[in-house]
Amino acid sequence: MSNVDRRQFLKLVGAGGVGAGAGFMLAESIKHPVEYLIPYPIPPEEFSPGIATWYNSVCGMCPAGCGISVRTREGRAKKIEGNPLHPVNQGRLCALGQAGLQSLYNPDRLTGPMLQSGERGSEEFIQTTWEESLATVAHRLAAARDGGKNIYLLSEGVRGHLAMLLERFMGGLGSEHLMHYDFAHPHALYAANQRLFGEHALPYYDIRNTRYLLSFGADYLSNWLSPVHHSLGFGHSRQGTDLDRGRFVQIEAKMSLSGAAADEWIPARPGSEGILALGLAHQILAGGSYTGSDFDDWNAALENYSADSVAERTGVAAKTIVRLASEFTKAEPGLAIGGGAVDNHSNAVDTLVAVNLLNYLVGNIGKPGGVVFNSDPVVGGPANNRQANFIAMQQLAEQARQGAIDVLIVNNTNPVFTLPHASGFREALASIPMIVSLSSFMDETTTMADVILPSHSYLESWGDDMPQPGLGFPVAAISQPVVSPLYNTRATGDIILDLAGKLGMKDSMPWDSMEACLKDGWRQIYERSSPDASDFDTFWRDVLVSGVWGEDIHRQDTVVVDKSVIDNIDVAEPEFSGDSEQYPFFLHPYMSTAMYDGRGANLPWMQELPDPMTSIVYGSWVEMNPATAKRLGLLDGDLVSIASEHGSLEAPVVIFPAIMPEVIAMPIGQGHNAFGRYARDRGVNPLQILAPITATSSGSLATHATRVSLTATGRRAPPVQTGGETRQLGRNIVQFTDAGSTPGGHSANLNSIPIVVKTT
Amino acid sequence: MSVSIIHTLRVLRPAAMIALVALIGLIVGFYANATFFPGTSPEQPINFSHRIHAGENQIPCMYCHVQARRSISAGVPSINKCMGCHLEVATESPQIRLLASYWETKEPIPWIKVHDLPDFVHFTHKRHIQADIECQTCHGPVETMDVVSREAPVKMGLCLDCHRKNEVEHGTDCWTCHK
Amino acid sequence: MQTEVRQARFADVNDDVVRSLVVTGRNYYIALGIAGFVTLTCFFFPWFYQLYYGIGAAGMNSPTVWGTYLASFIFWIGLSHSGTLLSCVLHLTNSEWRKAMYRSAEAMTFFSLFVAITMVMVHIGRPWFIHWAAPYPNQMGLWPNFRSPLMFDVMAIMTYLTGSGIFIYMGAIPDFAAVRDRTTGWRHHLYVLLSLGWRGTDKEWHRLGWAYTFLAVLIIPLAVSVHSIVSWDFALSIVPGLHQTIFAPYFVVGAIYSGTAGIVTVMFVLRKYMNFEHYITKLHFDNLGKLLLLLSLLWTYINMLELFTGWFSGTSTEYEQLKYKLTGFYAPLYWEMILFCAVAPLLLISRKFRTSFVPMLILSIAINIGMYTERFLIVATTLSRQYLPGSWRVYVPSLVEISILVGSLALFVTLFLLFVKIFPSISIYEIKETMDAPKKQGDRHDT
Amino acid sequence: MNFIDRFMASWRKYRKPGYYEEFDYAWTMTIDLDRCTGCGACVTACQAENNIPIVGEKELGRGREMQWIRIERYWEGEYPNAKLSFIPMLCQHCDAAPCETVCPVSATYHNQDGLNTQIYNRCIGTRSCAVYCPYEVRYFNYYDHHWDAPLEQQLNPDVTVREKGVMEKCTFCVQRIRQAKDHAKDDGRRRVKDGEVQPACVQTCPSEAMTFGDRKDANSVVAKKMNDPRAYHVLEETNTLPSVVYLKKVSANAD
């Protein structure tokens, strides 16, 4: 360049510089970010990086007690699957069980012991240490014990050694007030079994081997007793055998998941199911298949349950009743179960007696495919004799109001959420001087606590479980920690033991950890079962590997129903709150698959699991019959206010084809005002507006005994739905075939891929 | 007025020059960065020398990277593996002192990854070692390095070349390596 | 009419055109400023936001994963159509009246193609990897999927872009020369470069004419194929409502239809604001009007045909599709489209209407609105009503989408405004060809 | 020219009937609608196994669900004879998959296991595969998802987390298939045993409605189930030759 003058030169230099800078930055911007490799200082022997390790344990998400195997990588839980060796779920698991991981890794878990610093319910807490908090509680308990004041322990329904520990702990405190509280506990079923069979326990309903299931409102596939086990049975009974396909009949006012799966869904007037059952019993006797010695007594007792009168009282056609009865009798074997709504009417016990009676009359007691009785749990505390019914809870509230309760310890149960406002439970808590919560989440009840001793997730703690209902033979399962604790929390058992230690109960509870306690207790099993294991430690190791222990012992006993029971067998008309003019609709609150009794609401996966019947995610809704909606001039998504004598709610309408016109249904589980970011302030809680009506002689809350009125608010709030059109429009997406005939049509492997084994 | 294009070109030359120089600058800058600051041999918390261990003392790779032959990840040795020798060997050298300090506090050493694959790549050391692939094929002559640096460009091309050369079964199917 | 043109002198032509390039009024700058600003705020800003946030910024959902972006893409491709195609056809049938308008028509083609391509960039989820759709050799041995109609598209559009680019440039070379000889300063240098040293010798004219005709012949099938291929993006799927053999001709007709309407609009603007009253006359509007009428009838026919097949098929899928189109969520749009594209154009039957400018302008704009609606409906109605009723869901464009739609329009206008200042927006020499020569042919460019 | 020839050759090969016979496996899933209770366990299992993001109420409201398997519900009849049937809908891994032909960058194609692959890091997000899929089982990442700490600790290291702008879908849990093959190789077996690999949904299904296996192995469970007279394909008329086989629901009508 001869003629480059100074300015030109400077320009060039500038351009070059700018270019170079740009290029440099460009190269810098596409560089890979720095990543670290952090090895363990001392490698744990049980796992090595990059290789998955499986631990067998017990699911803690619902009382069914399924066995789980948890897959861990690099010391973190990755996936929960069913434990194939566990007889309850045989390797399968429900959605809620799968979501257990999110209760472990939940962002809203309590990370350490806390003390109430502000007003009750203000959720103002300050972090503290275990020493301090435990000392506080122990001191308070000691004072109460010595001062002869009342100490209450309100726990979720725990079983096995934890139950035993609680017993001994309260015993040591000289308190009788140990209560288990589960919203879903079938009190009426226990009471009914007590009355008819003289057993205050749940029998095993053998759905697997039945050929004809008559379910009175029991949603056995989604949340009744042991859904996964029932589902297994359902599948097997349907298509798993060479016998003819099992037939399923569902009798309920609102179609449940089980109703959808059933071959026949029969709506019966709410609370009249028992009458229907007696009507069937009448037909069975008339059929003459029953040849018991007490035939005449039965006949006399059931004389005024003729098909026509029953039809008139239940709204089920007489010919249907006759047909059901004959089908049920012919079936080899048939099985009748009752639960859900049926368990929650004022006449629940009568009804369930009537339902069990059907099993008795067709003689399937103790037979496969029928009702099989369980022996008592092998170790640990007796199960479910501590369950507190609604009356007991009301008494607790009453005591509290009178200031007769000094300390209340709450363990992982949330009555403030699941009890109706009318019970005044929340207000009552306010007048208890000291409330201790062992919950690992800030749920509604925990917000009322003075001291929070957060417990481990069930995936971090030791425990054992004897599934209820049993399977007709003794089963015991071990739950072990699968990950090291995330936070500064402790296992419930260990907390109790610590307190016991501080309160000088070492003699009754000599163990220094839950694990030791378990080992001790399981020695009994080792001794009684004389397994092939050479010594206890080998046995223990085997149990930890398999996660479950069982024994092939079956009870052989024949049931004879007492004459007095026979004579006054009857089903009273159900009692409802609110008169039918002002409150024309029956409220039918039901547990949804995902939320269970509300414990699923803080798990994002459960919030995002579309409700199978309506495909709704996040939030509440109210289901009603198309005819009803038409009459009230309501459309899908219209916001209505549902009012009972005890309060009112607002929820969007969802038109639901399979519900009786006079019934409206609402799912339970949403409407938390605490319980973490995913649950809080979302939807409404129908339980809050229920009337405090209890079932006679079981004392449980009759959740279906409330009448409500509907008024349109004029606003719209369509719920979030993942599904669109709900009709097939003749597109044969779901295809049907008749039961008997072997359908022709094509077989799917008539495509371009012939089935050939590749020679290898 | 001239119709010829030459005159115009002459007029435009200065601008063209500037553009040209800027372009050259861009390229130079880019490669300058890539050559002088490649970031392939990061500063490690302890300057452990593979040359001494693997090179001079002939310690086999799998002695420390035990996992490699049975897991997808080769893993780095834990401190107590190091201390296994260094309780006796060369205890006085400052670097070993540093190591020992980690050992006392039971703190993990934050090694920096040199060979790092994206999240969507599924690579298992196990298979490749069972197939008798030399560690050096991908990691370069580590036994000669005082500070480990990424010699081979661990990119998709490298994998595919090797898979093609050795005729790996389905070696070029995406789902063999991608997840 | 012709007589007006006759009154213009050769010199006037040059003067007029050069003036349109050199003399720039305030209004121009204002217009350019507004257009540029809108482009920036309504197109680039939302786009960058979307790049950062993800396609979620748009209103799409599953199963309606395509939305206005794709509709705009087809729209712009369609708009691009008539331009070059028309000009080629008319060139070959050497119809006089073409000559005043074809330059701007071709420009329209070129720029709308450009905008269409940017719409693709906006549409896809990871535009920073767009080059993967181009076949280039690489160490991994990875190639694009040549079975994919989208690949056909990439190639067809690129070819069309190149073709029409060369075509418009070549046609303009003599004019560049003409302008070159009358301008000074940087403009002069610019046109020196652009005119590639054109001297206007007979040899050059011969070559130009030959090449021009050759390209014209080449481009016609290309243009037709491009939109057929675009239609295959849809027609090769098995989605009810898209899976139709009629689609290729349907799209081509639709494209030319909207394109012609576009030309009318552009010509009106040029005529009004660049003082080309002499050159763009009633005659042009009249002829274009006739063309529009023909196309609208064709378009209507095919539309009816589509409805018929829907009804005739008798399958639930097609039938629901049809029902949804006529009565469903998007029905108002559908009837708006019918009104604008099938009913309104019937006015063109009257010659009075065809030869009056403002009504023609309004109609042409209405037609293009209707045609955009058509493209939108093709995407929205079909995708929201597919095989599984359980997954039906309607789709409503988000603010970002709408703003980008407006922005893309502004982008087009901006480009066009820049164009008219650089390109002689009507062809000087061909206009002159329509006049009586004052002197003998040889030295026509010595003016 | 040579290139064209090669292209045409492979094209013809692809079009040849029974092209997939040359593959190692033909992974197949059967779903017995008579057993399916619609409980949704498969949905959550899949979400847990495959790092499927938590979308959130707002985005779900805008129709951006991500669950790779969903339960569609269809009503028949009116009260009191209304019947509800469920059908799990997931990627059918069609042998003649429309999505495979349309992807411009071959991010989705048929691999030697008869699986319809989805290569996330190759996807450029034209979303045309989702349009072409008649089963609506392809889900698009409309933005980058995040997990509130410490939820991300649950993420499965064998499955990548998808970035914004890519399409994703059911993979038949390819990571599990890969692992099963790995075990087989370790045991010196050439092929994976029947029942050795189960996708998360199949593994967890409480009523055992789903089975999974290789239909090339005539003794496999799926091969047997496919010969059940109740077997059918959803949307057979589209001739996509799915690898998911449904067994008809038995309607035992009350007489």
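Remarks
To keep things simple, chains are lettered A, B, C and D as they appear, and every chain counts its residues starting from 1.
Quick note on the criterion: contacts are C-beta pairs under 8 Å (C-beta built on N, C-alpha and C of every residue); 3 or more make two chains touch, one makes a residue touch a chain.
The structure displayed is predicted, hence computed values, not measured ones.
Chain D has the C-alpha centroid lying closest to the overall centroid of all protein C-alpha atoms shown.
Among the remaining chains, A is positioned farthest from subunit C, on the basis of C-alpha centroids. Here the CA centre of subunit B is 37 Å from the CA centre of subunit D. If each chain is reduced to the centroid of its CA atoms, subunit B and subunit C end up 51 Å from each other.
Subunit A and subunit D have Cα centroids separated by 30 Å. Centroids built from CA atoms put subunit C at 63 Å from subunit A. Residue positions of subunit A touching 2 or more other chains: 723, 726-728, 731, 733.
In subunit C, the residues that touch at least two other chains are 387-391, 393. Not a single residue in subunit B touches at least two other chains.
Taken as a graph of touching chains, this assembly is fully connected, with contact between every pair of chains. Across the complex, subunit B is touched by residues 24, 109, 111-113, 115, 117, 119-122, 158-161, 174-175, 178, 182, 185 of subunit D. Against subunit D, in their complex, subunit B makes its touches with residues 118-120, 122, 124, 126-127, 170, 173-175, 178-179. Taken in their complex, subunit B has these residues touching subunit C: 1-5, 7-8, 11-12, 156-157, 160-161, 172. Touching subunit A in their complex are the following residues of subunit B: 14, 17-19, 21-34, 37, 39, 42, 67, 70-73, 75-80, 102-103, 106-113, 116. Across the complex, subunit C is touched by residues 7, 11, 59, 62-65, 72-74, 89, 98, 101-106, 109, 122-128, 130-132, 134-136, 138-144, 163-167, 235, 238 of subunit D.
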